[in-house]
Amino acid sequence: FEGLGRVATPAEVTAWDIDVRPDFVGLPKGSGSVQKGMEVWDAQCASCHGVFGESNEIFTPIVGGTSVTDIQTGRVQSLKDGSSPQRTTLMKVPTLSTLWDYINRAMPWNAPKSLSTEEVYAVTAYILNMGGVVGDDFVLSHTNMAATQARLPNRNGMQTNHGMWLPSGKPDVKETRCMSNCTPDAKVISFMPDYAKDAHGNLKDQNRLVGPVRGVVTVAQAGT
Amino acid sequence: FEGLGRVATPAEVTAWDIDVRPDFVGLPKGSGSVQKGMEVWDAQCASCHGVFGESNEIFTPIVGGTSVTDIQTGRVQSLKDGSSPQRTTLMKVPTLSTLWDYINRAMPWNAPKSLSTEEVYAVTAYILNMGGVVGDDFVLSHTNMAATQARLPNRNGMQTNHGMWLPSGKPDVKETRCMSNCTPDAKVISFMPDYAKDAHGNLKDQNRLVGPVRGVVTVAQAGT
Amino acid sequence: ASTPGMAISQSTAKGDPAILNLPLHSKGLGQPVATMPYGLPSQYEKNLQRRESPGLTRVGGSSVSFCPFQGLFGIITPSGLHFERHHQGWWDIDPTQHRLMINGLVKKEMVFTVDELMRMESVSRVHFIECGANSGMEWANVAVPTVQYTHGMLSCSEFTGVPLIKVLEFCGVDLKKGRFVLAEGADGSSMTRTIPMELIESGEVLLAYGQNGEMLRPENGYPLRLVVPGVQGVSWVKYLRRIEVGDKPYGTKDEAIHYIDLMPDGLHRQYTSVQECKSVITTPSGGQQLLSPGFYNITGLAWSGRGKITAVDVSTDGGRNWKTAKLQGPVHDKSLTRFNLPWVWDGKSEVLLQSRAVDSTAYVQPSYRTLRDKRGDKSIYHNNAIQSWRVDAAGEVHNVHVG
Amino acid sequence: ASTPGMAISQSTAKGDPAILNLPLHSKGLGQPVATMPYGLPSQYEKNLQRRESPGLTRVGGSSVSFCPFQGLFGIITPSGLHFERHHQGWWDIDPTQHRLMINGLVKKEMVFTVDELMRMESVSRVHFIECGANSGMEWANVAVPTVQYTHGMLSCSEFTGVPLIKVLEFCGVDLKKGRFVLAEGADGSSMTRTIPMELIESGEVLLAYGQNGEMLRPENGYPLRLVVPGVQGVSWVKYLRRIEVGDKPYGTKDEAIHYIDLMPDGLHRQYTSVQECKSVITTPSGGQQLLSPGFYNITGLAWSGRGKITAVDVSTDGGRNWKTAKLQGPVHDKSLTRFNLPWVWDGKSEVLLQSRAVDSTAYVQPSYRTLRDKRGDKSIYHNNAIQSWRVDAAGEVHNVHVG
């Protein structure tokens, strides 16, 4: 590629290389308190995510569904017994770097990359505080990120021993290519309930005017 | 294709099966005079093709470039010696069915299929008259189409002994796949003259804003 | 069993008025060339649109619009109907101002303009892209009525670009230590995903700017996106601004909070990426009405993130018996593949249509039963189960699950 | 050798402002999904349009608009940029009112609706379509500046439809007597062309309704056109309304007055149809300016109406020496095929670029000299000569003929 590209300047790499890995490579030094985080949250986050991180309006809830036991085991019990109606962020996230990195790069949603490093530490701390992971006086910093991560309710909740990362991985199921008399007991076990028929609008208007088929009328049309 | 399609009714076939072949299969019975053809031409054709079929405004000329000798030989001499600046319709057309069929299906251009059978015979006769192929009192009809075709100036001007009708035909040239020292005498023999540089507009505006290249500025731009 | 409003030709004794009365277009002059310098579909095609699934997401900037496969042909997805999935909205970026940075475990950290990337040797390849969440609403139950919503987070294009490995090599990549790459976008979220170096070494991962002959569409990452054949769409980072070579995975938001698959034991599978072998019948499909008894072409699409499609079987009796369909058209690696099977509907029987694809690794697309036995029904992602459509006695087609 | 306005990254000592000052799209929220239910190219792509060649034709309803190959990738032509050739204008026809009639030497003369044709077993195939007059302005001299005008009456799509032979057989065609077919359109001219039955028997001729995944565009014959792979575009009758089976050719206007090739002896070749093996370099090409010395990807397209492309050779010295290019991307029968060759420009030398394609019949694309020796320079149609582009010392590319 003779003549193409040029060496990046240190300032350029700094401007864009903002990612933070689970081993905290990339994490800028700094700190932020739960107290300060609450201010940030109420001013800049609560409108979308709810005062308690519970809102289901703009996105699924950030906080909820975890217990003190989960913090001890690092496994969220409600993921197993299905006792929580929805999976919140804190029920899933195994790595604190992930939260820090994502808030730093993407939040607030309509003004990403507008937070200071201190504000990112602080609001991350406040989310953990709302989830009962840290206390009200907690100050999150680069020195205690690892220790705090060790309290995440679902930190032990991931497995990577599956064959689905690479196309060359081994599949987890093996169907047989049966060609006749395969499933004598097969029957319909689920279908759209009648009340939901119109939930996706008038399907007639979502199919072509010609062709082998027409769309089914699912919404009564004016004048018909 | 069980259940698909249905038999066409005779009226349907009649409505659409309008083609006329060189052996005059498909030609409807009827006739039309040069006299009547002139009326049709002047009223419905001359505006685009010119009073003498000579216009080069809307399309290339219909009439011109043929001689009495051509009518005798059935070969248009000016095609060979290049003495005519442009090829007119009558210099090329070898089959009278073609003219009849095309006028019948397509002309007048903005009102195709509006002519009566008589009008098609008549205006075809008039075109031949303008080209000196038939006299002023001539009446073209289904009974003399073949005889009239035998006077077309270029009726013997076609050849089909070439390999380009079917993909399986034999090519007429054979280039060799020379890889080195192939054409030591090759040089540029034709290029765009400077005065034509802007004939296709500003090429800068016909190329992408990014990529390996830019379009060349061929039209001076306001403010540059 | 026929439907009102269908357009079979209404013959009077004399014949069909649509034939007997010549249409206007046979008797007039049409539009000039270049009336549309950039052309659009017919006005009669407006029903085929990208659409959201009501209630699925809460806000359009973090949502999905589905591709209308109920009315598409062949394997190429028209770029105007390519499915969309945005996490922080889409942009139309000025390509003269866009840059790609390569950093991390390379000898030279470098910056490239779009001009420079487009000067490099390129390749063009046809690949499918499928969101890992495609068919995700249907893990437990039937939830949506048509193939647009069951399978429409899927598209297939001819992509043109530069193999990423060539650019990394040009920067002096350390392939021994650098076993992972972070791809980062320039959108609001600066979307990030980890790509294992094996994939890049295969030469298949592209820095792509071309899609179906022209530049990528803004909704698909104009002017630069990563193409990661076989892998779920979220890894095909749009508006690509940076590639970092590292020695560990990055645990980004969309690999630690989403795109993780919940198993029955309460553990999530992390870094599930490959889109396994799958297929769906697109005609007839849910929400459609057969016109009358007689001949039909059962047609659909098959694809596999692990390789080529080698066979597709079709059942009309809910999986009891199967016939092998014809693979019509081009068969490419990690590409949509069109299948067809002739079929006659008697106009009265209930029918359960299914398709089952097989890929070049001999993997057979699983039934819901097989898949749920292993994974339960809460994993959201990577649902590649056999789809069933029930044709009722009146010829109306319904989305159903068979078990 | 560099051009003003080029977008190499302008680094200050600290770095490129396009990197150091984060762009708006990295700091804001973008547009929601389905903002464009049918999407369009970026606003920055407007320069790539279908265009007429000034002075070529006299009226837009009987004219041609050329495809902008100077900016396209891969082999698929975006349908919005597909070249147009109309003889009596284009129409947007109501598909519910369109019919296809089969008549002539068949047991049953029949009528089909578009519904019925779309119920039949279909195939999808990638093919090029080229007007017989493509490059026709250049038989004698250089006449136009860019590849859009030299080669733009060409496009390539994935077509979906029914093999015509199947429908003819369904009507009980007499294949012994019926050696020719007349295809007729529903436009003003009810455009007609003769197709030899051999072609139809091969199974390659399609009654097509699909193009690149959706329906044909109105400019390309919506809702039905004939696809005649390998054969010049005029035979691909648009708005197809009728197929007549006959025992003789039909000598239609466009096979007795036009699309006839004038030879030096004053005779015209009639019924020349096949588009012979041809190629062209699209980048760099006429009217373009190289940005700076260094690496470039010489890329272009090759195709043959007689079969597949097997090789493309590229010369940078006007045909003296040749190197074999890489055929990147899918290679299909009677389809555009993309080729690429890496190249370094020293920023000062004059260069004469040429490409030469070879097809599966071992036919080698001819030079202008070879072609004119045989056919003279007045035949208008079927110019498949090797194209030359001259890169001058300043990096500007010119259309030239080399002899």
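A, B, C and D label the chains in the order they appear, each numbered from 1.
Just so it is clear, a contact is a pair of C-beta atoms (placed from the backbone, for glycine too) under 8 Å apart; a residue touches a chain by one contact, two chains touch by 3 or more.
Everything quoted here is computed from the prediction, not taken from an experiment.
Common neighbours of chain B and chain D, listed by label, are C. Of the two chain pairs examined here, A-C and A-D, the one linked by more C-beta pairs in contact is A-C. Chain B has its Cα centroid 66 Å from the Cα centroid of chain A.
In whole angstrom, the spacing between the mean C-alpha positions of chain C and chain D is 27.
Put simply, the C-alpha centre of chain A and that of chain C have 22 angstrom between them. In terms of their C-alpha centroids, the spacing between chain A and chain D amounts to 47 Å. Across the assembly, chain D contributes 6-7, 9, 16, 19, 26-29, 44-45, 48-49, 51, 59, 61, 71, 88, 95-96, 101, 111, 113-116, 119-120, 188, 190, 215, 223, 241, 291, 294-297 as residues in contact with two or more other chains.
Looking at chain A, residues 1, 4, 6, 8, 12, 16, 109, 112-113, 208-212 sit in touch with two or more other chains. Contacts between chains form some other arrangement here, matching none of path, ring, star or all-to-all. The list of touching chain pairs reads A-C, A-D, B-C, B-D, C-D.
By the touch rule above, chain C contacts chain B in their complex via residues 9, 11, 13-16, 19-20, 22, 26-29, 95-96, 113-115, 118-119, 215, 223, 292-295, 344. On the chain A side of its complex with chain C, the touching residues are 1, 4-8, 12-13, 16-19, 21-23, 25, 56-59, 75-77, 79-82, 87, 89, 92-95, 97-98, 101-102, 105-106, 109, 112-113, 154, 157-160, 162, 164-169, 171-184, 186-192, 196-197, 199-201, 203, 205-216, 218.
Across the interface of their complex, chain C is touched by residues 6-9, 16, 18-19, 23, 25-45, 48-52, 59-61, 63-65, 71-82, 84-86, 88-99, 101, 111, 113-116, 119-126, 158-160, 186-188, 190, 209-210, 212-215, 217-219, 222-223, 239, 241, 291, 294-297, 299, 328-330, 332, 338, 340, 342 of chain D. Interface residues of chain D, counted against chain B in their complex, comprise 3, 5-7, 44-45, 47-49, 51, 53-55, 58-59, 61-62, 68, 70-71, 88, 101-103, 108-112, 116, 119-120, 141-146, 148-149, 166-167, 170-171, 182, 184, 188-190, 192, 196, 198-199, 230-231, 241-242, 244, 246, 248-253, 256-257, 260, 262-263, 265-274, 276, 283-284, 287-291, 296-297, 305-307, 313, 318-322, 334, 352, 356, 358, 363-367, 370-371, 373-375, 378, 382, 388, 390, 396-403. Of all the residues in chain A, the ones that touch chain D in their complex are 1-4, 6, 8-9, 11-12, 15-16, 109-114, 208-212.
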